[in-house]
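Take a look at the structures below.
In the two assemblies presented below, subunit A is common to both, partnered first by subunit B and then by subunit C.
Now for the complex of A and B:
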């Protein structure tokens, strides 16, 4: 086994609480499948037979009951539960399952929906014997109106600056705009090794990482690292160019006393597979090097290397905000070859269901209903003369006669009263919208009485 | 105002009928620096031979081949010689496709002056090329020119200049270490956002505002060589007029980038991949460009092409890049290994070994001579058994037998060396005495031929030193100019270019130090270094202040400027100042000194520098900070706690600290056990008590 897959599915979805307050993020329906299905499918398609899923108790229960997951996913799921209250970061989670990790790992986040050719990332990892290789993609502009959001999204968001070399593969620099108020500072020695650096902004980190096994050992020794994206990756990127790592012998002797700790960790980072000596020999004997302009050895002798695959085209979403959730729901159905209307759904002959919509199983759709560009989940009942456009209806929703729903998200088990007119709203799970209500651009959630007029 | 409006309307008109205008060029045949001294004392740089052809001919050939039809040559230093040269050259023949106008003035002191004159004389009508007289290039700029025009048509008069660069990554031979530039550009529009020379910098700093241009891809390039060829729009000349403080193109580029938002002008760049372009800005570049010429990197400009069309210059090209002009005679057993160019009627003796060398016309080389990477100009005599490596030997030099020239020697015009002498690395010999230069420092640009006559008189008064030039030698040794007082804020310029101390070492140090910051520390760690450096600098400043008796006002001035240089906050300045002063005696006398010695050293210093402190300690908060950092210093040196009272006392008496401040500090709940211990110190308690009493009594007085 070359790579072990680890799926991080314990996140609470803190950036879209309105959706996740009683449906855990991995189980949110996207195109009538739970979100977690997408990364699992991604892994299964490339031939993984086993995956370690780190998640919460609640999700575990759902995983074992969800029919669709059972039939679709043939992989062996090794589910590891962590306590929700523990507030563990992704790196903490890796530390938690350290015993299970025998080889290099592929870490995937449960909110990733992509059609990337996964081998691109893994090939970088293999070809350069990299310590880290990761996936990024051009940020997609969200076009849909987001319920409850006033106006357009502010442009002044903090951008991530990602520096890559001229091939666009080697990751040289990574920082968030927020940390750069002093300006962007680069060491000249880096520029000397990589004289042409592309600084890109507007990239989405897909949170998909290939990591050397030694990185996990490193995490075990460095308990202070809690998050992969927040701390580990920037650390590795920076470490690529630090001298202590690259000329270990020299520094180890001279600074043994003060830096024993540090050197020890470095050792951990570098302890590589038994093939390393062979690879080293191959590199010495070969005239190949990874840069132009001078004849120094490949990678300038650096042992720690980070790479990134940047998707120029194709689809890559991280469903971690409401806007991304809506966008993903719009795009995803186009990828399936399943019939848009589930065979077990009851759809009246006299209703109009657009081909750009999908209807889940056991739905009941009555006469003179029109559904366009919308997703309707399982066991939803839609009564007569309902008009639904551009909306996401989750499971078990009841929509009474004569409703007009536009650009909205209706969560599980909500009930929409007769003749209600809902535009660009988010209706939380289990909520009731009273008959004849007119709502525009609102978020209807929670048990607060204000909603129950 | 009216004049400016007139100019604008003129330039607008020029845009319309751009097609009709022939391409013009401004060639600056003066370097406005003295990098080639003492060689350029006798010959202007543009006329120095490179592979036996004057450099200005390369530049003119480049301009003509790229389609320039009218060239204005601006000369200043030894303009008559340049004029004479051009009049004899093919450029002034009636058949020349490129009309050359020579404009001379003794008043040009910089590129800025030249361009202001271009504007004043209204010479250019449309986009023009700006080059120096020492640029060697075969770049076809037509594509860049087209892009430039497109940009200008798209966005009226926003892009004023397109700079031409050649790819030359670090480690490449043509990378001129002085022009170690780093450029940040917009990935799509190729607009220059940041332009900086990076030598002597370890960290490259890019202000954030350059990333706010709306693009999502930027490129930082450290692999570019400035060819010193720029396509300028007529506004460039106007901008030089408007900004009379712009002296060099560097000033211009920097000024434009800084004021971009105000003026709305942009600079773009064009990178050539396969063209060759370089400016011979020092002898190292001279070496590089010469050897590139011989190795045919500047094709079609090659030695055998005889592009300057001078009689007798035609030479043959044979294997291993050996070129021979007519009339060359080679002695028995002599070997021309590779990359050799030998001028006409030169005679070479027997058993010589010559490689990577250019020899001018009418030279005589003796037997058993070894030459490697040597540039020998015309009418040079080299006797037997001479060995020369990487040196420049100018016209009419005589090298007597058994002379050895080590790397980077320069023998300027008419020098005689030898016999039996070995010149150490980097020797520069000239018939001009180095001191005469200083005498005429003021008007050296103005002085022309009369200067030479003048100096000859002087030379007679001085005697050649046989230890420097050999028993029959003639010439004076020039000190390597790195010793020069560097009044110019430029780096120590020496004729061979920068002295490159192997800085990978120092670099690695910083890397090690960075490596030691562990995870916790953010990438912002450079600040740490800055603080450290700042502390050292402050220490140095104070030390100098002590040695040279500098007044406190000036010290404050220096510290303030350091503060800005290292971007240190005022609070930190004070903390560091306190630390430096308190540790000053240790630095001077060594750490092993008794408390009594320490305070006896420190107290006079405190008194001396009291005004410096007063400048930084003003508000009550400052006093607390000051006290806190004093505490910090003393906590590290437990043995000297007794001195703390004396320091406090004297600071109190010097009115740097006030009793409220001291009391407040004393009462502060100290966090660590050690600092509590410090506060329980006997002497300190007495002092505090005394302070309290003084306070009470003063209150009583009221």
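Now for the complex of A and C:
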């Protein structure tokens, strides 16, 4: 077997707590499908037959009971539960399943929605015998108004600085603005080897990584690494140009160096078969070099290589903020050939459902309702004379007569009272909006969800 | 006739005759296939007069042999090119319905026909053979039994404009679960019989990501071939053998199967996949032949672990003998030819020539090197880097400056991709240019080539069998402008990126091999000796 897929679905959705305090992030409906369905579909389309899913107990239950997931996903899901309280990072989770990992792995995050041709990422991994191969995409500006956001969107999260070489494939440098004190520091060794480097900001990390098996072994030995994206990836990118790796000094004085060397040796995992000599011979005889202008051989003789595939076109979203969630809901229904109105929904003839809306199953839509550019989840009851525009209605919601909902997100099992006028609001899970209420640009959540000051 | 007889008998007794009829139909279908092949052969015969009878001779007895060996799952690879592996049962479906009507022409008549022809030909065989031989350029072969005369069918990769051959290939690949790579872009008409692939459509597009049908190390190898990461005849062979070692390591014999037969069958789809990524080189072909022979020679009683270990050792010894030791032997001979004060011209990046020059430098010979390079590959830069890193004084020119620089040159060292049976040297495109101009300036041309690259093919021009590389490689951006960017929209424009060309033996003064220094025309002798050894 060549690659094993690992799906990380234990995240809490810390950046959209309003949506996720009741529903775990992997089960949030996007386009009337649970969020976890999208990466699973991506893996299935490419030909994976088995996926290791790391998640919480709640999601595991849903995976086995949810109709959509059971019927649509034909792969075998090997679900590993971890305690939510344990607060495990992604690297901790990999350490946890170390026994199951027998080959190189493809780590995917549960909030990734993309139509990338996965073979582009994996081909880089295969052809160059890379230690790490990841996917990034150009960030699309979000155009929809986000409920509950007062004023203009601030500069947003901290930027990521990504340095690639001339070909645009080799990853030379990666740092987050938060880690940099005053300026961007580039090591001379990198500049000497790759004098032309393109530094890009405005790239979205898709959290899709191909990792060599030796990296998992390295994680087992180095328990201090908790997060793949936050610690492991920058470490690997830095270590490409580390001196100790390239020149294998046998004797070191201090113990610290010795320990470091052990770690490095684990990381290199020279395939300790005698066949390494053959590969070396083939590379020597080959007249190919990945760079030119200096006297070094291909890859500068380095054994650790990191590659990135940057998607120029196509769709790539990470649903980890409210804005992304809304954007994804907008874009995703266009992808799939599902009928916009589920056959099991009951839609009255005198209602007006726009062509860019989707209605889930077991819905009940009464007369003289108008639904435009909206996603309506399953088991929702919408009474008469309701006007819904540009909104996302999740499952089990009840909307009484005469409501006007615009640009809002209504979470599971909420109840909107009669005649309410809701604009650009987020109604939390299970909340009730009283009749004749007029809310604009608010986040309506229960008092127990409010932060303690 | 036979059919009508069958039917008459049928009217008397139904039960037993039905089986017979079925058998007849099966036989007739087989005959039908033979018949259409026969028809094709007759057409060919009309074109090539003197070979007509030979083919007929060999055709029927060989087809009988083929049919007999159909039940056996594998064939020993004694018949040359591996392309001739097709199982007759698998001939295209379109042929059989057409053929089913033909058998009425009666197989008894056919057989009698053939027998008469065979007898007459056997009588006049020795005479015909000599005539045939003298018409070819090489020395007459001493005994026909040493070189098996085989029916050479055209390999698939030079029949791209023949829809029947393409269909056959598609069927074969489908059966082996190997994706078919489609051709790209407009092909210059002279070369429309060759494949032209694009690097933007890798062969891995259509296979599932955790590959099941093909071993992962073979997929990796194919990718490295198609992207040019492993390039150069020796590198490709070594990488291929390395991948085969991995395959053998991970192989486990299924129950009720013999390792010697099953492993060979397992290797066939891998080889198809690799040739879809990039056409196989002559050295790779020889290596594959060697491996297949070794596998089939494994005795049945041998235990799996022991067999695997033996095969790994065989591969190691093959690489050691034919590549590593051979290059050492060749350097030893070549260094004798390098004298102090020499100006040596090399072309492109040949691993063997670079090795020779580095060794000569270590042995304190004083010489300088002129590296000639050509677009689009610009491999000379890599050769230049290696030589300069060693400390050798080098000059770098493009091939357009060849006649300017040649008066300074005292010797030309060329590498080869393959040496053909008629003494022609197949090498990177541009080599024949260099040899031609060197001849005009009376500069000696020495070709360095290991014996495992000797090939039984015969070719006198570069058109018949070649490789077309990605045409987009010719597109270059200068001063921010890319003129050829939309070459596909211009209907009358074709981009041609040839990879190989053949140099006639008159331009080559010496071939340095691990067997010694031989003239170009002695290549068939070496081949004959090799065959006798095996």
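Throughout what follows, the second predicted complex is superposed on the first by the 412 of 453 C-alpha atoms of A that agree within 3 Å, B and C clash if a C-alpha of one lies under 4 Å from a C-alpha of the other, contacts with A are read in each partner's own complex, and residues count from 1 in each chain.
Quick note on the criterion: contacts are C-beta pairs under 8 Å (C-beta built on N, C-alpha and C of every residue); 3 or more make two chains touch, one makes a residue touch a chain.
Just so we're clear, the structure is a prediction, and the values are computed from it rather than from any experiment.
Contacts of A:117 after superposition on the shared chain: subunit C is touched, whereas subunit B is not.
Once the two complexes are laid over each other on the shared chain, residue contacts for A:74 go to neither subunit B nor subunit C.
When both complexes are overlaid on chain A, the residue A:224 reaches subunit B alone and has no touch with subunit C.
By the touch criterion defined above, A:102 reaches neither subunit B nor subunit C.
Set against each other, subunit B and subunit C touch different numbers of residues in subunit A, with B touching more. When the two structures are aligned on the shared chain, A:46 is found in touch with subunit C, with no touch to subunit B. By the touch criterion defined above, A:286 reaches subunit C but does not reach subunit B. The residues of subunit A shared by its contacts with subunit B and with subunit C are 292. Per the touch definition, subunit A reaches subunit B in the complex via residues 161, 163, 175, 177, 179-189, 191-192, 195-202, 222, 224-225, 231, 234-235, 238-239, 241-245, 247, 251, 255, 258-259, 262, 265, 292-294, 296. Subunit B makes touch with subunit A in their complex at residues 169-172, 182, 187, 198, 201-208, 211, 216-223, 504, 507-508, 510-512, 514-516, 518-520, 522-524, 526-527, 567. Residue ranges on subunit A touching subunit C, taken from their complex, read 1-5, 46-49, 106, 117-119, 122-123, 126-129, 275, 278-279, 281-289, 292, 295. Within the complex formed with subunit A, the subunit C residues making contact are 202, 204-205, 207-212, 216, 219-220, 223-224, 227-232, 234-236, 238-239, 241-242, 245-246, 319, 324, 348-349, 351, 379, 381-383, 385, 388-389.
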